[in-house]
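Naming follows writing order (A, B, C, D, E, F and G), and every chain is counted from residue 1.
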């Protein structure tokens, strides 16, 4: 976690293929494997599941999430 | 699902002609066959139906959905 | 409905001169004949009527609707 | 009303100098004579009056309305 | 009021140095002398006062108002 | 206050180094010394304090405020 | 704190590697070490923790926060 990132998108690049927590506007939360992202922060997750209040409410496989609904993306710690 | 996608829009490209779940702001949910999309994530679904709370509330045939209302698009698993 | 559309705006182009259902943010619904649209999805309807809860609440003749309030446009089936 | 318009802004152009109904986000409604508009759908009305619930609540003379608050503009029928 | 304006911003230009009513999203209302504006409809008022429900609630001197919060600007009649 | 400003940003330029009142969407209010701004109206305040309902609720030192949350900036009168 | 900054982003540049308080729309608050930012004010924090009502509710390690949800960033005083 002390590695040198220069730009915010470097963090997303490092997180590719790893598990991430994604929070959307309106309290929606997804977990899954980050597969792709672009400069609009549109992202694709694999093995995605939606959580609310700490519980899994849906398993969705692959999801495309539109960037402008995203508040925060956090790579899982290892 | 392990195929290599490079950019988020690749996921939408692969989903063309297949059934997708689309969630919009405000809790609106559509299912249908993804027919077309563009870089604004405007999409067209065929055989679209609107669901709320797990029930089909309307069958609409073809629908054009404006990208900026979309939260998430998930291809159905096969 | 099986015709080949390539881009979402092709769907709007095919719907010109035909009856469409238009849903706006905030639960507003219009029906009318699609007369024109542009890349911002600004549209013009003729013989427009506004519906709420399945009832016609206003007849408006021609209306210009600003694209960024539009959620969905569905051509009527024939 | 059967005249040929090609683009949505043609409708606004034809409505110049005529009475229009303008609906804004949040249920605000203006009536007045359309004097000018631009590509952002910023508009100017003369002899503007604000209506709520079918009643005139204010007479304002000339008003500049910022485009991004506008939902719909409808020329009065003659 | 019958003078010929071509574009919406002409109305703001004519109102420079005169008293205007400015309404913002969320029911906020300012009155003051229009001193400057730009294409984003950012404006500067002098001798500005904020009104709510028809009463002066604050006197502020000079204010810079960000354009994207503005709904409507109306020059006072003379 | 009668000095000639040509563009809205001139007002912010004149206010540099002086005390300003900044109002944000959602009723948040900051006071502080305007240190810097850019064309997006991102600003930096020094000796910033947050007020709600006329009371100081926090002292924050230096703050960067994102422009698109800003409603209004008013230089303190001297 | 009296050092000369010219543009708002200079403040974020000076805060790199230091502890910052970040407030988001909807009352969400993060603290962490500012690792990176870009012109959209997308940021990356390390050792991030989310606070609500003055209490730590989550520890998240590294987080990417999308710029358009950010209201304010304040470097901790030393």
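Basically, a residue touches a chain if its C-beta (ideal position, glycine included) is under 8 Å from a C-beta of that chain, and two chains touch if they have at least 3 such contacts.
Computed from a predicted structure; not experimentally measured.
State the smallest step count from chain B to chain E, taking one step as a move to a touching chain.
3
If you average the CA atoms of chain E and of chain F, how far apart do the two points sit, in angstrom?
19
Provide the C-alpha centroid distance between chain C and chain G, rounded to the nearest whole angstrom.
Taking the average C-alpha coordinate of chain C and of chain G, the gap between them is 43 Å.
Using the touch definition from the top, which residues of chain F touch two or more other chains?
In chain F, residues 68 touch at least two other chains, as defined above.
Round the ring starting with chain F, chain G following: which chains, in what order?
If we begin at chain F and move next to chain G, the sequence is F, G, A, B, C, D, E.
Quick one: in the complex, what on chain E touches chain F?
Residues in contact with chain F: 24, 26, 28, 35-38, 42-44, 46-48, 60-66, 68-69.
Considering only the defined contacts, which chain G positions touch chain F in the complex?
It comes out as residues 1, 5-12, 21, 25, 41, 67-68, 70-75, 77.
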